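Have a look at the structure below before the remarks.
When the chains are written out, they are named A, B, C and D in that same order, and each has its own residue count from 1.
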Amino acid sequence: MSSGFSGKHKRVSVQELAAMVSDGTSLALGGSFLHRGPFSFVRELIRQKKRGLEIIKQSPGYDIDILCRAGVAGKLRAGIVAMEGNFGLAPYYRRAIESGQVELEEHACASLTAGLRAAAFGVPFQPCGGLHGSEIPALNGWKCLDDPYGKGDSVWVIPSIQPDYAVIHASEVDEWGNVRVAGTAHWDRIMSRAAKSVLVVAEKEVDSSVFAAEPEATLVPYFMVEAYAVVQGGAWPGSCWPDYEIDYPAVEAYLQPGDESLAAHLAVGPEAGGSK
Amino acid sequence: MSSGFSGKHKRVSVQELAAMVSDGTSLALGGSFLHRGPFSFVRELIRQKKRGLEIIKQSPGYDIDILCRAGVAGKLRAGIVAMEGNFGLAPYYRRAIESGQVELEEHACASLTAGLRAAAFGVPFQPCGGLHGSEIPALNGWKCLDDPYGKGDSVWVIPSIQPDYAVIHASEVDEWGNVRVAGTAHWDRIMSRAAKSVLVVAEKEVDSSVFAAEPEATLVPYFMVEAYAVVQGGAWPGSCWPDYEIDYPAVEAYLQPGDESLAAHLAVGPEAGGSK
Amino acid sequence: MNTSWSGFSYIVVNLARFIRPNEITFSGVNSTLPMLACLLAKKAYDEDFIYINVAGGVDPRPSQVPLSSSDPVLAEHSASIFANEDFYDLCTRGRMDLTFLGAAQIDGEGNANNSVIGDWHRPKVRLPGGGGGAVMLPTARRACTWRTEHSTRTFVEQLHFRTSAGGFHGVVTPIAVFVKRDGRLALQSWHPESSLDEVRQRTGFKFDSQGAGPTPLPTEREVHALAELDADGQFERDAKVALR
Amino acid sequence: MNTSWSGFSYIVVNLARFIRPNEITFSGVNSTLPMLACLLAKKAYDEDFIYINVAGGVDPRPSQVPLSSSDPVLAEHSASIFANEDFYDLCTRGRMDLTFLGAAQIDGEGNANNSVIGDWHRPKVRLPGGGGGAVMLPTARRACTWRTEHSTRTFVEQLHFRTSAGGFHGVVTPIAVFVKRDGRLALQSWHPESSLDEVRQRTGFKFDSQGAGPTPLPTEREVHALAELDADGQFERDAKVALR
């Protein structure tokens, strides 16, 4: 089997994209907090009643909260979790951790990145600066190594973290599955390199010539992308720069307690065929 | 002192840029073989009769050859050295190593990158995949560490390599010192992050609004750049995509033996005020 | 003449005063007040600094001030995107001059708990987590934090969990400014409407107060800059900062 | 009917025949013949593959065939730039299906010397050095190499220096194609104008030749593709490949 994903014909619906994910799979989710997350894909995981997923993300918020709320998440490896944008802590995530329903591997954002780097670089562990004096390394059984060259301080090394899939919400994709992102890439680049496979939800598909006109701007080359879907507005209720900002009322509505609130929220996702 | 280089007024002549470099300094040189190297800067080092410079580059060629020929280089840390483009081995480099005039730290390209990554990441060493069975690690006294997590194979770790300066030949620079490169960045990105300071020679200066229109394309942000010069054609006799290709006759002329050949070559560099 | 100084303004202005000319200064996620402090410093002070943020912006000119401190408008008109891996690496290699980091609990050495109230394995309150601090606090040249309330639940002798060590350079609350001195947080100044006694009473750890006095009132430019940034008072209302 | 098959064409065509459908295949610096092989395979074979190269190109459509195998035209019309760090990481994480790597000396296990003729510390000839091989040869799924001459100075029992270990999957010379079998290079086929005896005589290590025979002649499409790539014969002249 080839190490890359060749050819065209990678475009599927976001429903088919989510259907590629089995229960128990590990998913690195792109974006940060309420910004450019693969939220249409996340909601589709809920509709398809996935179970026991391992979520990997430096700064999840809405995504992990709704996955905890719907009972989809089994484990989280994360640096910082919050709704952000004035919404404070992620309430359903909090409950899931406090009740023990979901397992947490607590990281610094940079230690999670180090673990992803180890996977991306094909090495068993990755030194990570800082962490000295923190109780996080002990929680995770991380090791502190002396500098074998006797010049630097001792350094914490993070074991390789290789997600089954990196799932990215992109600005643009072409018919081959090349991926571009406007503004900061957050952690999407290292996630795409660390994961066994990359799934993409894009705001729109453009002709490959758009990519060829500026190949330096391509974040993920097509051969690393297994499949993609196009969902305009798919990062809702979060932002996707420069197309749209956070839909604050929608987030507020989502945070209302009760199953009906969740159902109502899911019903108006742009991928659901409903209207916002 | 600030960790960054703020403000405008960074533009100097390439002569002033080279004058910032003291004897014995370590320089990471951008580009690869005959492509987009900071060659005008390199020639200026020769005119200024620098001595004992340590050159760091995964794939040097013309640059290390001419620096050896002129007695400027004291040490080289490199992965692969050749003129390329049908010119074969770099003759003056060969002579300098074979005679012991210049010290060589032989690397794989990726192990040099690993050392630069250690510096960029602020850690004392960096694991590097591969290298198993090679005699290079023993040459350099590198250590092989077991995976402390007992999952992966043992891995070679490369000590941090922090150049005093990274010197890059860029496509465009703005008045603040932001840097863009067309096509592949070769190793320029990691060099810029590993070095204590970045010096830039650019084909041209453009208005900062050009950068702001597409900030994702900026390779090095201004605050990492200490000073820059503008030398149109400065990568001559190498290529600078898409502006010009390798000047093969000029390389051939350079390779003619004798001091006059070197002098004639130096006289026609675009930074020398002569004409090609 | 400023006869009253709101807790909100006190925090933002005093965070801004930690910013030094030409230094690389970073504001991150979940950090509305530091974001405002950075934007205020750009307006209120003559000397410029290098402002980078978690949205990838480098000296941005945002068209609006966002509610989310990681909002992409914070990269508007930026000439480069300095992405997440990049600013963390900048910090771990020792070249982040100043970073702002949140903290739920702070001890007398300036270490932080962002992880949990109660036992980590049986949390009473699960907090956001390691975030930037565990790596940035020990590696940034200076790190500063803020709390929107000041109490012995926050300023503690013993953290429930030590998420980040290394010690803050500075801490701002609605009533006080602490700075690190000899490895401990020392009181630098107190809100003009507060007092040394009040700060002592509301702080769970012992601190040196040598040389401390009332905080110098905001300058006209500081007041004006903050008023511009929060023209309709939304940020002040949202922050819900009370002196007591 | 091809009655004569130049050493140059023999090497390029046989390198191209190592390329498999859909696989990620890389050509690097100092690798004119593998570059031609990749470009030939794109033209001559029905099944496509993923061609990446050291110029950052991904399935490029170069406007010309460059003398330098790292020339930026090898990224023309590419929809992405896959830069140096990226393709090395791809290889070390085990996802480089096929890479071409140069070698000055090759031993019977397919290990390579690219460093030196003579003692490393007292070199008779200083060679290019570690390059891609020391990291890529042990980590790529398959690595293939080529030599433009075939002699006991190149194919040796004992390398002067082991730059890269791990063993080539395939080696092409003007007169022979070797492939790895049970950890050793085995003869797969010989140039129709050569023979098993000749290959034995000109090879410094012992090898298995079970099943070997004359190399199948180039197909019309292979011949045609190479003629297109080297329309004026410049590459063939520059390569200076002689059967003997």
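Just so it is clear, a residue touches a chain if its C-beta (ideal position, glycine included) is under 8 Å from a C-beta of that chain, and two chains touch if they have at least 3 such contacts.
For reference, the UniProt names are A, B = CoA synthetase; C, D = Glutaconate CoA-transferase.
This is a predicted model, so every value here is computed, not measured.
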{"item": "Pair joined by the larger number of C-beta contacts - A-C, B-C", "value": "A-C"}
{"item": "Separation of chain A (CoA synthetase) from chain B (CoA synthetase), taking each centre as the mean of its C-alpha atoms, in whole Å", "value": "36"}
{"item": "Rounded Å distance between chain A (CoA synthetase) and chain C (Glutaconate CoA-transferase), as computed from the means of their C-alpha atoms", "value": "28"}
{"item": "Whole-Å gap separating chain B (CoA synthetase) and chain C (Glutaconate CoA-transferase), where each centre is the average of the chain's CA atoms", "value": "40"}
{"item": "Centre-of-Cα separation between chain D (Glutaconate CoA-transferase) and chain C (Glutaconate CoA-transferase), whole angstrom", "value": "58"}
{"item": "Set of chain B (CoA synthetase) residues in contact with two or more other chains", "value": "121-123, 128-129, 183, 185, 215-216"}
{"item": "Multi-chain contact residues (two or more partners), chain D (Glutaconate CoA-transferase)", "value": "56, 75, 81, 91-93, 139"}
{"item": "Pairs of chains, among all present, that meet the touch criterion", "value": "A-B, A-C, A-D, B-C, B-D"}
{"item": "Touch list for chain D (Glutaconate CoA-transferase) against partner chain A (CoA synthetase), complex", "value": "20-24, 48-50, 52, 56, 58, 75, 77-82, 86, 89-97, 139, 141"}
{"item": "Complex interface listing, chain B (CoA synthetase) residues touching chain D (Glutaconate CoA-transferase)", "value": "32-36, 58-59, 78-82, 84-86, 89, 93-94, 97-98, 104, 106-111, 113, 128-136, 139, 183-187, 189-190, 239, 241-242, 245-246, 248"}
{"item": "Chain B (CoA synthetase) residues within the chain C (Glutaconate CoA-transferase) interface of the complex", "value": "2-4, 6-7, 119-123, 174, 176, 178, 193, 208, 211-212, 215-216, 218, 220-223"}
{"item": "Chain B (CoA synthetase)-touching residues of chain D (Glutaconate CoA-transferase), taken from the complex the two chains share", "value": "29-30, 32, 54-56, 66-72, 75, 81, 83-85, 88, 91-93, 111, 114-115, 120, 123-139, 161-166, 238"}
{"item": "Residues on chain B (CoA synthetase) engaged by chain A (CoA synthetase) in the complex (per definition of touch)", "value": "118, 121-129, 143, 145, 147-149, 151-153, 155, 157, 159-160, 181-183, 185, 214-217"}
